[in-house]
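Step one of this worksheet: look at the structure below.
Chain lettering (A, B, C and D) follows the sequence in which the chains are written, and residue indices restart at 1 in each chain.
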Amino acid sequence: MFYREAGQFKTNYKADQAIFPILQDRVGLGLIIVVALLVPVFGSDFLINSFMIPFLIFALASIGLNILTGYCGQLSLGTGAFMGVGAYSCYKLATIFPDVNILIHILLSGFFAAGIGCIFGLPSLRIKGLYLAITTLAAQFFLEWCFIRIPWLYNYNDSGAIEVPQRTLAGVPITGPAATPEVRYYVILALVIGLTWIASNLIRGRIGRSWMMIRDMDIAAELMGIKPLNAKLSAFAVSSYFCGVAGALMVFMWLGAAEVESFSINVSFQVLFMVIIGGMGSLIGCFMGAAFIFGLPIFVRVLPDMMGFAMNASTVDHISRMVIGALIIFFLIVEPHGFARLWQIVKEKLRNWPFPYG
Amino acid sequence: MNPAFAGFIFSIQFPIVESIMSTAEEIAPAETILEVNNIEVIYDHVILVLKGVSLTVPRGGIVAILGANGAGKTTTLKAISNLLGAERGDVTKGNILFKGEEIQSLSPNDLVRRGCIQVMEGRHCFGHLTVEENLLTGAFTRKDGSAAIKEDLEMVYNYFPRLRERKASLAGYTSGGEQQMCAIGRALMSKPDMILLDEPSMGLAPQLVEEIFEIVKKLNSNEGVSFLLAEQNTNIALRYATYGYILESGRVVLDGEGAALRENEDVKEFYLGVGGEGRKSFRDVKHYKRRKRWLA
Amino acid sequence: MATETGALDTFPKFLLHNAKKFGERPAMRHKDFGIWQTWTWSEMHEEIRNFSVGLKALGLKRGDKVAVVGSNRPRLYWSFCAVQAIGGVPIPVYADAVAEEMVYVLQHAEVRFAIVQDQEQVDKLLSIKDDLPALETIVYDWERGLGDYEEDFLHNFGEVQAEGKKQLAQSGAEADWIAGINEGKGSDLSVMLYTSGTTGKPKGVMLSYDNLVVSSQNANKFDNFDETDEIIAYLPLAWVGDHIFSYGQSMTAGYCVCCPESPDTVTENRREIAPTYFFAPPRVFEGLLTEIMVRMEDAGNLKKKMFHYFLDVAKQTGERILNGESTSFMERLKYKIGEFLVYGPLKNRLGMTRMKVGYTAGEAIGPEIFKFYRSLGLNLKQLYGQTEASVYITAQPDGEISADTVGTPSPDVEIDIADNGEVLYRSPGVFMGYYKNEEATKETKTEEGWVHTGDAGFLDSNGHLRIIDRAKDVGKLNNGSMFPPKYIENKLKFFPNIKEAVAIGDGRDYVAVMLNIDLQPVANWAERNNIAYASYQELANHPMVYDMMAEHVDQVNLDLASEERVAGAQIKRFLVLHKELDADDGELTRTMKVRRTLINERYELLIEALYDGSEEKFVETEVVFEDGRKGKISATVKIRDAEVHEALHRSGAMKEAAQ
Amino acid sequence: MNAPAMNLQSGRDDGIAVGEELLSVSNVTLRFGGVTAIQDVSFDILKGEIRAIIGPNGAGKTSMLNVINGFYHPQEGIIRFRGEARSRMKPYEAAASGIARTFQNVALFTGMSTLDNIMSGRSLKMNKNFLTQMFYYGPARDEEIEHRRRVEEIIDFLEIAHIRRQPVGKLPYGLQKRVELGRALALEPDLLLLDEPMAGMNLEEKEDMSRFIIDVNQQFGTTIALIEHDMGVVMDLADRVVVLDYGKKIADGQPADVQANQDVIDAYLGVPH
């Protein structure tokens, strides 16, 4: 309906290879970014703090996991721990080099996660599928153990938790209690947009193709000259980098403080759900999955209030858990390929409109 | 101007003819075992694969569906055996009758119980089971006791002596031809009245292809099993089939007795590779295509 | 460097001019290797120049005839200009003509050179080479499969260009080439187009540069075409329409011509380009509409309802809005919503979003079809033309559109109606004559330059021309009633289910017709009504299809009964043919016109049966494959009677028509 | 702008003239556990020829291809490629040295489009580093576009332009085989191994595939080794034929001679064709 593609033809490969070759998509993306920029103007602090910020952070983590699982076909259950590596290393960097800007620390902390990710990615050369998932699970437990047992990581705090110091960017506080939600939101938005752009660049180039080749048919990939070691480890590295940055952002710009529970296996599963519900192998899916998994509980909790029911908190919690569980199952039955696929179908329908098929 | 045609073209009203085909009249005479009426299949809600395919298999017949890749042969078989769901396909129009009963709502399993079984393309043997174990899985739906099953196993081995030789080998390690035999043998173990056979000759050596078709013929004449087979190898299929349908782009474009089809000029030209002076050389293929004249 | 002298009176001169004036503007596009490869006017100038000089090096001389055979590909269009630059005469030939058809034209025109598309055409020419002593050189565009052809008179287009480029490196070569162009005059023979004609051998229509240049310029002015327009070239090169639209008008206006990836992808490519100017014979518009309706049949109920609702809205208001008549606010609002939900997307799917002007010509278009497109807000118009007139005889000016006229005389065209009702015209576009056929030239063109169109028609009170039928086709039944075959056939063909119709009746007792079903809608209808069929033949012969046809025939009869002049020409008996009429079998011309005499001979048995009261008839028909080989198909064709209605009073007819 | 000229000739200047030995297999024996898949087989492939390998199912033909491109490592025997004996070679090393292949049952990257599948064949020829890839615009994009151009030539050559953007998983089998051939061609190999390129095809598709194979061989000068069951195809296309049966070589020679060979008739053809 909205798609009017007649007359949009490409006379060179540059235009043909663009991520959004259709004008309407570019307009749509532009609108979304404008809306995202306007959120703090119209939205409440509650919306920003409880939804927008965590949504963006988890979308970033989902992109990380999606690169590994959706694009490279390597199942991982260690996302939470890799996020933790990012968070702890950022904490250490911030305390060791307090004069360096915190944003640089956040971006650097991803590299520590990437390194750790590579190490735990090594078994992927020999084992696949569920077996690999179990080794990443081992990584999760091992790293959790490290976060507790190596007090150096949390500077020997009594609480065992890491706490975020106040830091500024151009004089404006961006971390710590004084940082306003609006400022934190804009910083995160900028980082997430930038990193998503980088992810999309990687995916559509040679490196991304080599990941997908490994995912789809590893023997054929080898015949095309792909070295499995390089492809898989690069996927682990990039994936962990994204998770690491997401972890650092989560602690520094959202939670403000964290202990080992913040990076537990539950987080791994949460991100995995986001990827599955959003759609394997789709960047847009990561955002949709994160919005759904993160937004749904909030919505379910807020709904009775909005409709004027008074319910005690624990009932709401129980109901919301049940509803979310049921919704996830229902959704996966209806559309096992996730929101991304659903969106693709809708888009296809709109492009073919008014005809039922193309 | 034109009062009779004043109705704007949008409202194309096709005449509603009074004698709308009553299915009661159409119910096949006793000798028809399978009847496919006008089925349309859509994949993924958007891709139209079959457009009104109809065909009939007489009891005790060997019927071949021929045509290019992507013409819809496999889809037709899967529509019959109800295996489309797994590929997000739907039969959106038409109906399918097996022994006079509508079978669209039956599961593949129920269908096997009613005597119709499909042997899939690419054979799909259980690679980690032995040949004999594979065959026995075929008897899974039967309730007539182990003695009868034993007897049938013997029968299968008689038809496929090669399988007897290799009965203890893991199916995964047998050759393509043996796997094909194993798959057919496994189907036989369910004591079917009808077997849907998808590409039996695919990837097999010429000698084996002959062998398998000979067995199909024997099973057909000795055991009375009806066959509906989808086949690329038009040459051999038309030698063994009593009747053939040629599918193109999801439509039946030509049908007829096997022998008649073999004589059809277009079939000769486009499917048998026989030109005016015998077989054409593959070296002489041109870079342009002659149009098919099916529809004329 | 290109220097101009004198007037712009030949296409090569226009090329030099455009290369300067529109240097960086796109001149031609071709969907190839996944994108629209684009040549600017200066790049195209270079391509043509190189090729032209290369041709000269191969020995092409002033006055030589050059056959151009193939589909719409840039290199073939360039060939026209490259040949003309040397003073040669291009002769485009229908690419789907079988070898025997081609022999006549190439022999008659004495072509020395042939520029062809691919292996298929090369093979065809090689197979008839012995009959063409004059043919010396063949140049091919696409080299696939031609690698191991050893004939030394075969040349690759690219190599000819390379040779040309090499020669151009020498001093003076370019100046020579330009001098050659400047030698050309407006009165020179520009192109020869063979009209297939419904009877007899093809005739070579000679058109001068003056003919084409003036006609093109007039047409550009008439509809305001300039260098910003884009068209898609998909009609046969050998047809005068394509020569004017894709070559003449492009050269004179400087607009961009887009060549589709292949003949199969025209629809898709048109959607990508969204041409600003679109020409199609009625059958294309019919086909598109049929496809739209068929596809909408598969839509969900709600969507279907919405679709038809808004089409109704369009039917009521669309044309009035297009014609600038007054409409109420509600009407405009509904139309706007319809535009968003239906018309816009539909035009988008058809690739007509940017269309400024669309033309249909060549045949009568069904009024409903015509109105449909106009109601969507598309400025579809009719024109009337001929090869002999360099296309334009009449065209509908903006705002004066109706389905049953073909418009007012085009600029510089005079129209006269002869005593027998035949339409005559005189214009700057009038052809020089038929090649090597003085006699035919004299028959067609009078001393004073008036040309006989062969069509019967009249000018209505608004000065718009109406065409009734081919003058010589209008016959009489034995009872003296008038029998206009095409008039009846067109009425039948306006039904989407009927693809072709042939009416018989001249010198007989009553009118009978032979019909061809249109497979797409009929097959779809069959599916929906659960009618099993295996082949075209079986479907065509199906009793329910006959019932459907009977209803259409009856409608036409009712319609005829309401018109006094033709009430006697109602259809008494009809049959549905077992095969499609086909140009390969000679039953249609390459422009899809029915060849009556041939059909009368071929289907003699069936025609006999139509008049001897038989219920059915067994026939065997020969069919010709594209490569000229023959086969046979046989069938038993049923024959049905149709009800003949009493002629309605004129007043009654008027009343009904007014409703 | 002109249509790019077709230029996919294998670029290596290896000094091997047409007709000289490109690959030789000497006394190769391959065992899996106790099973001998290939037993003491020797043959050679000459530069520029089309070499057919035929034999009954399970004769070891596919194993032979797997040995040649490094999936299996034979226990005995020597393989020489371009005159060099090679030891345990990994498949990606074989690819880098100029050997490409297709699979019997099509091993495409099913989640990717036709275009991306063929692009994947260009991986070896692309070398822009991680950093440029991250920012894409600039060198990475230029490289991508340069290879896109070559890939489009292959798409044009194989006449699969209409499925360029479609995910290959949903394509009909015949087209998948064509895409797979395209992917192999994208490597610009010296030696192309085709494992039953015509399996499951009807006549028309076989004719198309034959045409492509001949064109690849003639236009690009690519040496081709193919396994095929359709004797018509083998007779018409192959310059020489080697016949395997139960892992052993039973015949080797011109197609006509092989076809008349009694051992071959007994083991493979059944009836003389």
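Note that in this section a residue touches a chain if its C-beta (ideal position, glycine included) is under 8 Å from a C-beta of that chain, and two chains touch if they have at least 3 such contacts.
All values reported here derive from a predicted model rather than from experimental measurement.
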item	value
Any chain in contact with subunit A as well as subunit B	C, D
Label of the chain whose CA centroid is most distant from the centroid of subunit A	C
Length of the line joining the C-alpha centres of subunit A and subunit D, rounded to whole Å	41
Whole-Å gap separating subunit B and subunit D, where each centre is the average of the chain's CA atoms	32
Inter-centroid spacing, subunit C versus subunit A (mean Cα positions, whole Å)	57
Cα-centroid distance, subunit C relative to subunit D, in whole angstrom	47
Multi-partner residues of subunit A (each touching 2 or more other chains)	13, 352, 356-357
Residues within subunit C bordering two or more other chains	34, 37-38, 144-145, 298
Touching two or more other chains - residue numbers and ranges from subunit D	148-149, 211
Subunit A-facing residues of subunit D, complex	69, 71, 90-92, 94-96, 100-101, 103, 107-112, 116, 119-121, 123-124, 126, 128, 130, 133-136, 140-141, 143-145, 148-149, 183, 187
Of all residues in subunit C, those that touch subunit B in their complex	118-120, 123, 144-145, 289, 293, 298, 308, 311-312, 315, 366-369, 371-372, 404, 491, 494, 496-497, 519, 521, 523, 525-536, 544, 547-548, 551, 555-556, 558-559, 562, 579-580, 582, 623, 625-627, 629, 631-633, 653, 656-657, 659
Subunit C-facing residues of subunit B, complex	1-6, 8-12, 14-15, 17, 19-21, 37-38, 40, 48, 51-52, 54, 93-94, 245, 251-255, 265-266, 276, 286-288, 290-291, 293-296
Of subunit B, residues touching subunit D in the complex	43, 47, 66-70, 121-122, 173-178, 199, 202-208, 210-211, 232-234, 270-273, 279, 281-283, 285, 287
Partner subunit A, residues of subunit C touching it in the complex	29, 34-38, 271-274, 292, 295-296, 298-300, 303, 307, 340-342, 344-354
